[in-house]
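Written below as structure tokens is the structure these notes are about.
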Amino acid sequence: MKMSVLKIIEVPLALELPVGPQHPALHEPVLLRAYADGEEIIKVEINTGYNHRGIEKLCEKNSFYRDIFIVTRVCGICNQVHANCYVRAVEHILGMEISNRAKYLRVLAMELERLHSHMLISAVMAENIGFENLFMNIMLDRERIMKAKEILTGNRVLSDYMMVGGVRRDVDDVKKEKIKDLLLKTEERIKYYRRVFEEDPTIIKRLVDVGTVSTSNAVKYSLVGPVARASGVRIDSRASDKYDAYSEIPFNVITRSEGDSWARMMVRWDETLESINMALYVLNHLPSDANPVPDEKKLPRKIPAGEAYTRVEAQRGELTYYVMSDGKSSNPYRVKIRTPSFNNIISSGFMYVGHTIADLPVVLTSLDPCVSCMERVTVIDLDKNVSYKLFFKDLAKGV
Amino acid sequence: MRRPKLLKLTLENLVSKPATVQYPYQSTVIEPDFRGRHYADLSKCTGCSLCSIECPADTIKMTPIPQDYEVPKSNPRRLYPLINYGRCVFCYRCITVCPFNAYVTTNEYRLADTAKNDSSELSLSTLKKTVKG
Amino acid sequence: MSSRLDFLSSFATETQTIKPGRKTYVVKPEDLRSVFSKMIEVLGDSSFYVSTLVGTDLKDEGRIRLDYYVVILPEEETIVFRTFIPRDNPTIDSIIDLIPGVLPGECETHDLLGVVFKGNPFLKRGFFVPSDIVEQGKYPLRRDSGV
Amino acid sequence: MVTLSSVKQETCKNCKIIRYSPWLVHFNTGACNGCDIEVLASITPLYDPERFGVRLAPSIRHGDILVVTGALTKKAGERLRRLYDQMPNPKFVVAVGACAVDGGVFNKSYSVEGGTDKAVPVAMYIPGCPPRPEAILDGIVKLLKKLEESGDKNE
């Protein structure tokens, strides 16, 4: 059957495509061009590359230590995993071992980040399906996590916490108690929100069976992170690579078999609870074997020749860094960053097919693009040959 | 299917105290070690320009100290680090690499202004002016 | 695990290790497609995925190095296929028909490094790079691009 | 012909109109999301800028204040200029974050032009990486105060 194209919908979303470096880095406005037959989407083209900031090249031009702060700014939401991945690659080249306390503190910082990121995307999902009340409530509780991050690292978002050889500030008992208190308060709320997502009829109607990905497609298209885990693929570099202190901290890898948008959100909520347990475990079992803060004045100036490839489980999936040093200059020879959204968003075109236009934002949000992505949407109606602009949210409610 | 108590939550919120902080009439709690505005204490600074080399954003410029200030002998080149707060990313790398711990840190975060500002006034206020004559 | 991968040693001209412990097989560029089709044949197409494609410009040696990082499921073991292509004529066969997941990596490497993947219909300049650099015909990640 | 200075004079006369309820339009020119989530956080219940009548406008044509985050990339620069032209006339630009103010860590990159002021006139700079939500509100309140003062002068 030949389907005729009646409407072209251009969705210029400011989507996060934290493709690192040479990719725009974050928040790349991605253009999804969906071709719809009536209400049904028959094809989606994904265009990228609106704000490429040239980070990989920038890294080659700056020294190893300055790069720590540059790669932190690849993505604001997952800044600590970026820094951790890069710093561990440099440590592998240097052959450096860090203290156990530093390893535990790194895990704590990364899990706090996972908490706030998952809460954020769930809030955005609630807003996109028209549930503004839930959005405001989740965002209010998320402020507690931000406070905990501020206590631990000294800044709310971009924490600049990782350093070659350890972390940049220690916690004392007062701070530990404060963070524990905030986490325990948030845990209750998270259990409640998880139940809302599990049981609320509005959410179930909008999310269940939308954007289903089968297990084999998830592997074939290199999908990673919660998107793959919701389709039953057990990928978690925390469990397989056991970097930092993940070998000692107990946690479960959450997988679901449904593979739809709802399963992806549920995987995120379950991971949030796991993260809280891990953070509390770290706070209760923090070893005190050595000072975790290296003296930055005495770090090695010269980095030997070598190459390292590290993987980290970021909030959105597997993040990898490749760092190469030629041993001659103080700058890295090559830094390659592959961010999870790069795979998830660019390869996501097949998921939209067969759904209605109103489902498009739902599928997209369930892949965890970024928040402020709610830009406008252009609908070009070929029948009338006019184009009009809509707010992304209105589109979600059904044009 | 059991409905969650979102309605109850809404009603609770209606009668409870607002969650909003009445900012800017009432200030919020900022951690004392929040990374805020920092500047060089010129009585300790030797003008070695290490912070300027290490700054990831190239925001620190070594600038000559104006002639009418008394400069300690440890700073023979009469240079001081001028921080352009507009470009500064507050990573505090300059503070951790400074060999003389010459930086003063604060948790001041309200830096909004109609023009880009820098640290010249704050840094120079740590020095005495030469008495003329 | 490793016994499943024994067939790879017949393709490899050399094996190396990238820290931390990633096994690297250096293969000839013309063998790359047969390596991946053999992988699909032996392991099945849903038990490994191509995680990262790294292109490095080795200017002094006059060649470009391509590393395919492959994650084998379910153990999540990362192995690397490394191949070298000449810098003045950087062409290699695309594997996009075998593994659709390499689309982002191939597009990016083409745009930033100028490697031509024969058989990939989606390659275009300006995917990420601003148009003024495209007009000058420069590839930002080449060491001598001067951007 | 509309020059920059003539636009500025006009905005001063009319700014009283918007000082009661300025609507924000948020535009990302290539930010790392750090500033974006802080802008979003600053409109949530804890800070609630609707007390000042501040809210996010649904379209650029309804907006009074353009909040720009992120380093100005070459591709986004053209779009920013176009957006600025589409805004109705008393209009002000607020640059949020180190990247939007002066390029931040990306100032030397080949695809970044620099700060927002390379493309459009900026009324208020909010430094920080990223600025706290309080700092963003503080900047907006400072801008409103400035408008009030200049409005009084023109009466």
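Lettered A, B, C and D in written order, each chain numbered from 1.
Here is the rule we go by: contacts are C-beta pairs under 8 Å (C-beta built on N, C-alpha and C of every residue); 3 or more make two chains touch, one makes a residue touch a chain.
The structure presented is a predicted model; accordingly, all values stated were derived computationally and were not measured.
Engineer: Contact counts by the stated rule: is the higher one at B-D or C-D?
Structural biologist: Between the two chain pairs, B-D has more contacting C-beta pairs.
Engineer: Just the number, please: Cα centre separation of chain A and chain C in whole Å.
Structural biologist: 25
Engineer: Could you give the separation in Å between the centres of chain C and chain D, each centre being the mean of its C-alpha atoms?
Structural biologist: 43
Engineer: List the centre-to-centre spacing of chain A and chain D in whole Å, with centres computed as mean CA coordinates.
Structural biologist: 27
Engineer: Can you tell me which residues of chain B touch two or more of the remaining chains?
Structural biologist: Within chain B, residues 19, 56-57, 89-91 contact more than one other chain.
Engineer: Which chain D residues reach two or more other chains?
Structural biologist: In chain D, residues 45-46, 73, 75, 104-105, 108, 110-111, 129, 132 touch at least two other chains, as defined above.
Engineer: Mark out which residues of chain A touch at least two other chains, giving numbers and ranges.
Structural biologist: Residues 24, 49, 52, 54, 57, 69-70, 73, 140, 155, 158 of chain A touch two or more partner chains.
Engineer: What are all the chain pairs that meet the touch criterion?
Structural biologist: Touch list across chains, by label: A-B, A-C, A-D, B-D, C-D.
Engineer: Hey, which residues of chain A end up touching chain C in the complex?
Structural biologist: Within the complex, chain A touches chain C at residues 19, 22-24, 48-49, 52, 54, 56-57, 92-93, 215-216, 219-224, 233-237, 239-241, 306-311, 318, 320, 322, 324, 333-334, 336, 338, 342-343, 346-347.
Engineer: Residues of chain D touching chain B in their complex?
Structural biologist: 45-48, 51, 98, 101-105, 107-108, 115, 123-129, 131-132, 134-135, 137-139, 141-142, 146
Engineer: In their complex, what parts of chain A are in touch with chain B?
Structural biologist: Chain A residues touching chain B: 62, 65-70, 72-73, 133-134, 137, 140, 150-151, 154-155, 158, 160, 168-169, 192, 195-196, 199-201, 296-297.
Engineer: Can you name the residues of chain A that touch chain D in the complex?
Structural biologist: Interface residues on chain A, with respect to chain D: 14, 16, 18, 24-29, 49-55, 57-58, 61, 69-70, 73-77, 79, 120, 136, 139-140, 142-143, 146, 155-158, 370-372, 376, 389, 391.
Engineer: If we count contacts the way the header does, which residues on chain C are in touch with chain A in the complex?
Structural biologist: So the residues of chain C touching chain A come out as 18-20, 22, 45-52, 54, 56-57, 67, 69, 71, 73-78, 80, 99-105, 107-108, 112, 126-130, 140-141, 147.
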